[in-house]
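In the two assemblies presented below, subunit A is common to both, partnered first by subunit B and then by subunit C.
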Partner chain A sequence: MSDDEKRASDDVELAKSQDDVEQAPLEPGAVPPPSIHFASRFDGLSGIIAPLITTLLAFLMGGLVVALTGKNPLKVYHAIFNGTGLNWFFHVGNYSARIPFSTQHMWFPWDTASVAAQNLQQTLLQTTPIILTGLAVAFAFRCGLFNIGGQGQYFAGTIFAVWLGSSFLNMSPWLHVPLVLVVGALAGAVWAGIAGILKATVGAHEVISTIMLNWTAIWVAEYLLGQGGPMQGSQPSIPISHDIAEGAKLPVIWGLKLLQGLSIGIFIAIAMLVVYWIIINRTTLGFEVRSVGFNPEAARYSGISVARSYFIAMAISGSFAGLAGALDITGWEYHLGQSDIPVNAIGFIGLAAALLGRNTALGVGMASLLFGALINGTSGRQLDPSIFRPDLAGNLTTIIQGLVILFVGLNLGGVWIWLKRRRRA
Partner chain B sequence: MTVIATRIGGIQWTHPKTIGFFGVAVGAVAWWLAVPPLESRTAVLPIALGILAVAMGIWSWSRDQRRVGGGAVASGLFGIVLGIFATRSSTAHLDEVVVWSALGAATLRYATPLTFAAIGGLFCERSGVINVALEGMLLSGAFFGIWGAIWAHSWAGSWAWVVGVICAALAGMALATIHAVWAIHLKVDQIISGTAINFLALGITGYLFIDKYGDTGTPGNVPGIPDVHIHFLQNWYFIGPIIGQLNLMIWLSFALLIGTYVFVFRTPYGLRLRAVGEHPRAADTVGISVYKVRYIAVISSGGIAAMGGAYLSLGFVHSFSENMTAGTGFIGLAALVFGKWRPFPTYCAALLFGFSSALADRLPSAYGNQWGTLFQALPYVLTLIAVAGVIGRSIGPAAAGRPYVKQ
Partner chain C sequence: MAEAPLLELRGITKRFPGVLANDNVNFDLGSGEVHALLGENGAGKSTLMNILYGLYTPDEGEILLRGKPIELGSTRAAIEHGIGMVHQHFMLIPVMTVAENIVLATEPRHAGVLLDYDAARKRVRELSERYGLLVDPDARVDRISVGQQQRVEILKALYRGAEILILDEPTAVLTPQESKELFEILESLRSQGKSIIFISHKLNEVLEVADRITTLRRGVVVDTIPAAGATEESLARMMVGREVLLRVEKKAGHPGEPLLQVEDLNVIDDRGLEMVRGVSFEVRGGEILGLAGVDANGQSELIDAIAGLRPVQSGRIVVDGHDLTHAKAKEALDTGIGHIPEDRHRRGLVLPFTLTENLALHAYRQPPNSKRGFLNLSAMTARARKLLKEFDVRGGTPTTPAGALSGGNQQKVVLAREIDGDPKVLIAAQPTRGLDVGAIEFVHGRLLEQRDAGRAIFLVSLELEEILSLSDRILVIYEGQIAGEFPPTATEEELGLAMTGGRRRGEEAA
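Right, the complex of A and B next:
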């Protein structure tokens, strides 16, 4: 039996099992099982090959769009790459770097003060929240839930971070920063927990409820920060909140605070990747969550509370996204403006990162770096306007994200089988 | 007439359901008394009526009419809150905000894109394919509508908007075709492909907009979709200002609504559509091609939703800006869920959501502060309550979201 035929027979078996679920009558009051094909999202060409092909395909098609509108895609991509600061790694020399939290210097192979280094700081700043909103999507995914509400949970985090950050002006930083981060994460957890409770108790589809929660959060934030709104800062004509207190700002470890240097937020995000890996792979909670994700009926028979898993998975998801918001505020934004709200899409980029990273800790980290670099490289601050207009490039980023999501959901093996069957018929 | 008389005679006045309906009405009256033209200045009246509505709701809820009962409770609570707000504010402000004829016309204007989006979604989801890409289809319709009209302006003159609407529909259908292939043949998760299409539409329309009109914006002399003037109606009290001068697309949305109802619930084709969405295996067994029905439904859904976008750009604001839909497609989806995937309840939901948008539009200018913005969030909150099952569970077509595998 060849490999393809084997996959084809697997496909038929999957179809059969799907059919069984379709015909099983739902008891009143029972939690409806999420469709069984959730498992098939993890199929296809496993490992790193499929995400790589996906990314290449997306960039190729994005380049096609650029070429069709009369620009040279290679030049454009090169300019974007230079803007990301990732070229920093290629310039090795004899430099020194300051050891964080001290005045000591040590030998270092790269120049920490070059333009590329500054660009890289911005890329890593962008990567930080994407890692966390990516984890927000990935964790729910492992439980068979589609948390499309990362954006709303992120805003819940930012709003509470701004509120608490600008409230206690004379608090010790050792207390203030953890307080802001924890409350931001909790706000996200509560916001996502609403969807989790609805899923667990009445079986409301989490996609619908998280979409509604997203837009509720967006409009509430517009109200809070708008002119005359309760969170508007001291200038009555400018719809921007107060700056957070000095004590609530995260320490900057690379670059200058005034120039948006890199804060320790990136390490918190990386630590959360480890936490995610440990929860999913090394705890009972993670085992239960994955069991429910693979097959809720089987999980129920083995004594796992499916409803509880749904709620907890959503709450943990939301806390990741809420933390993303809090880190953005305490790390470099320091305040929130009404005009930031409609243009912010961190939650949705997290969705792309989670899908591209196949919901694994390492994968989400790598994919977040890709999207963080892409966003930073195409921002108005980094891209040379004589080569490519930054506002065009921003839209190019959105197109590439869309293409990545489009192709990553695609079971590339499945397409192959389908084409083969068609040829036979 | 006798038919109506029989129906009125047949109403069971003490039935819990009837009481519940009256509760909803009483809750609405509670608020209505406090605003123009009556403008009762005491808060006692709305509170008393609101409490009465809540009581009726609870009574009918306890007698197993949960949906109507819950509605009456919600309506009573809203009546109390809004009534108190209205009696607290000055009559001058009230007169400025609550001009019923203007509000009515604005409601219809805001409800029309929602209606197109929701009806498009109805076809798609009734066939068993979840469509979260309505936002993207609406946005692409908005851009390609105005793009087509500008392109045709030189040779089609004032009829260029027809070309625009056709271009919009084609663009929406193109996006929907991607969704259809991905969801039906490739069996990709429908929410993933829908989200991808939202991104693609946002990126492509933004890219082309900047590339073509980036420096100046869309030209101001685009031939828009004309208004329909009904001269003999225009002087009628209350009705005249509302429907005497409506955009053609609004009338089209009425026709679409009725046509959709007749098609989905009164023709064999509609029966096939619903069968495919509820139990594709059974439909396949009796010889209905599940794939064919789904393809037609999804692609036409894209065309319909995109026409709503064309109304937005060509009939309403007469220009395009990046991400101009800003959630309209999702409100359309919300209306569909709120209306339980049925045409007329969906339209009522669209009207309600349109009304809250119209209010949100008028409140800040009168009161000079922001809290009117919160009305923009109302559709989403109401839909959340609806899916939570407080006012009757919202349950979609049984096979929605599941790819069908032929055997």
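Right, the complex of A and C next:
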């Protein structure tokens, strides 16, 4: 018998010996009422069923709203879907594609230059920062913290990215790009770290402090980029920063730089999903963070510094959001305008992505794609106005997002943890 | 007995997915009788009583009240039939007064909408005097003791006209003194014609209060016997299905070097009150020092201070020559303190974590469980598999969440983790709280084994029997001070007197 087989049979034995003793679910007082029985089933399917149902419900209700405007929901959703560019995958054929970073071409089953392809590039551009702001929320959540400050941390990242990106005009891209990204991430880490320190030392609730830090970041950015502000660009009446240097821009690997093609940012975001998974599941740091998140008292009893975990979790969380800001600047925006500040809500969409994705790497990735696709598919540029007015469609996106958060709140452990901690306090 | 019993459960069967919780259970209750329902955790006692209280509907079987079949689809129906239940976890509204809680949902009213508080108070007074359940009707529920809250629950049931009272593990939350008072209350209720079903897994209590005893094991009735003539041994055998060692067989210890020394220790609690006042003692390797005392006399603060979980005001803590007075939890662990915490759910375990993770809660820092900050999952799992086997943890594999285990098995996991850390000093705080006899036997056996392996065991318990049967020496703590040292041959009365601030040993009787 191989080692593995032996282990497996040990497990069976252990499981079998259950019959000798009381069945766990039947402890007095712990006998679950029938309603909880059902709920636990729902929860038990690896947490995949619930988000799917949540999303489906949100789309159904969004469809109702569309129907109320007198339009056909199916047609509208179809148009939105085509706008996302996800239909690109369905058009398989005989095409060629340029191998990135070279002039060589190779055979490829999809047309990389079609309209759908361009739409898909935009969807993935939208998805990139959502993944990272989603991870920012998810990481803090695993430590039992509710980081609502993703927006402020994102701005911290963008501001430093613009500043460093538009300095050092002759720096080598090999140095400039990493510098901008690392400093952007650090800026986010510092911004979230403030809330972490406050939590760890005086117990200030992170929800309150991150919300306040959001507003601080927003108004600092407004000042920096506004008329006469220190970061305003060369044109005196236009409150927009300088463009970053060519060397600070991320390489575009799909589409044209001029047409806002897809940069390597999406791969950095996906790599961060993997990093997140590794930290959470495979490092002692992640183990500590999760212990604190589930049961801070048990963690303390085990010699884990709860205060230190709070600070580190917030800082790491903020670095994800800061990186999101830096990737947006270096990937396609290249500059920041005062008018961009109030309309940007990427931090809050990240919150929805983390909630829907149940704070797992895969879940956050999938949920981010969903929200990125929705935003892009309902944008004025993509949606045919004769089918549904894009300004209404944009609201539809917001409605679906809102419903997702609402439904997720009904069953997700996240809000539960938050409530539980509040009750204990 | 020719007449029909007051209440009869016939052939009750209840299935949950994958579990047969009650299998053809017969149970009856006479008028003015205390009938105890005895069984290990998970034997199906609570399920049966939840059926009787209308929370579950049985899959088979019928319930007869005064010989007539009744349908209990809801708790409301049960209450209307005169069945009242006092749950293990109280269902009271903390910010309301005692009287308000009792009359809730059926309150006397002015003009149909306003609470007639005076009438409510009056009726609560009447009830409480009649049955000797003394509580202040105007006290807020969150300001009264657990024992009094329980009386409120009983009064609530009586107020709603209960003739049959179901008490689910009523003593689990009470101090020994409060338990005694409860038994007197039960006696008075019985003498006034109320019938009581008393659920418990504590043998001595059952023998003390019950007229008849029904034992459940794995959902099946083992037997129903009169309490007169039954012994703890015979009940334990019925309950567990094998011979159980109730009295610990203990060889004389061989105390060695002092491993834990506490000198003139002062500790304050979260409110700033001095809970430990000038405590000094030592525990030698190879001995069990028992600390007896009524709850909240400074035991928790003392343990926390030793384990590095609470700062020390003054004094010294030395473990095997290392000064740990101002050490943090991690340093205490590393120096060789093992700690079985009194509350395994709040402290001892991370319930959503797997057994592997819970077993690695301290050891995750050391190789082979982790290297350079990265966890080695296969090493952690292998270790968990070994420990689960060694400590006979049942009902779970390394990937089972700790929350899915029964209380006894959860405690075995904690025990396994703490002993595997190879501590010099093992603090066992209430190590058998809430466990059934089989699990208690196991825990006691392991503690003695660890003593004989040369560790210093510091046992803190509210159960005098446990202290007396395990300890080599006994200290009594009262209001944060050591009220005396006793040999294991001391009687419960001697200890009890010291625990309540009576004369110290050696002093003249007042």
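As a working rule, the second predicted complex is superposed on the first by the 365 of 425 C-alpha atoms of A that agree within 3 Å, B and C clash if a C-alpha of one lies under 4 Å from a C-alpha of the other, contacts with A are read in each partner's own complex, and residues count from 1 in each chain.
The rule is simple: a contact is a pair of C-beta atoms (placed from the backbone, for glycine too) under 8 Å apart; a residue touches a chain by one contact, two chains touch by 3 or more.
Keep in mind that what you see is a predicted model, and the values were worked out from it rather than measured.
Novice: Go through the superposed model and pick first if A:392 touches only subunit B, second if only subunit C, both, or neither.
Specialist: In the superposition, A:392 touches subunit B alone.
Novice: Pick one for A:384: touches subunit B only (first), subunit C only (second), both, or neither.
Specialist: A:384 sits against neither subunit B nor subunit C.
Novice: Could you say whether A:402 touches subunit B, subunit C, both of them, or neither, answering first, second, both or neither?
Specialist: In the superposition, A:402 touches subunit B alone.
Novice: Answer with first, second, both or neither: which of subunit B and subunit C does A:215 touch in the superposed model?
Specialist: first
Novice: Quick one: classify A:227 as touching subunit B (first), subunit C (second), both or neither.
Specialist: first
Novice: Of subunit B and subunit C, which one touches more residues of subunit A?
Specialist: The partner with more contacted residues on subunit A is B.
Novice: After lining up the shared chain so the two structures overlap, which partner does A:283 touch, if you call subunit B first and subunit C second: first, second, both or neither?
Specialist: Touch status of A:283: second partner only.
Novice: Is A:298 touching the first partner subunit B, the second partner subunit C, both, or neither of them?
Specialist: It touches subunit C, and subunit B stays clear.
Novice: Once the two structures are superposed, pull the subunit A residues common to the subunit B and subunit C interfaces.
Specialist: 11, 14-15, 18, 22-23, 37
Novice: Which stretch or stretches of subunit B touch subunit A in the complex?
Specialist: Going through subunit B, the ones touching subunit A are 130, 132, 178, 182, 185-189, 191-193, 195-204, 206-208, 210-211, 214, 281, 322-323, 326-327, 330-331, 333-334, 337, 368-371, 373-374, 376-377, 380-381, 383-384, 387-389, 393, 396, 399, 401-403, 405, 407.
Novice: Any idea which subunit A residues touch subunit B in the complex?
Specialist: Interface residues on subunit A, with respect to subunit B: 11, 14-15, 18-19, 22-23, 35, 37-38, 40-41, 65, 69, 146, 148, 194, 198, 202, 204-205, 207-209, 211-213, 215-216, 218-220, 222-223, 226-229, 342, 348, 351-352, 355, 389, 391-392, 394-403, 405-406, 408-411, 414-415, 418.
Novice: Which of the residues in subunit C end up touching subunit A in this complex?
Specialist: The touching residues are 16-19, 21, 40-47, 50, 55-56, 87-89, 168-169, 199, 218, 307-309, 328-334, 339, 341, 346-353, 357, 360-362, 364-365, 370, 373-375, 377, 385, 388-389, 393-398, 404-409.
Novice: Which residues, counting only subunit A, touch subunit C once they are in their complex?
Specialist: For subunit A paired with subunit C, touching residues are 7, 10-11, 14-15, 17-18, 20-29, 31, 33-34, 37, 281-287, 290-291, 294-295, 297-305.
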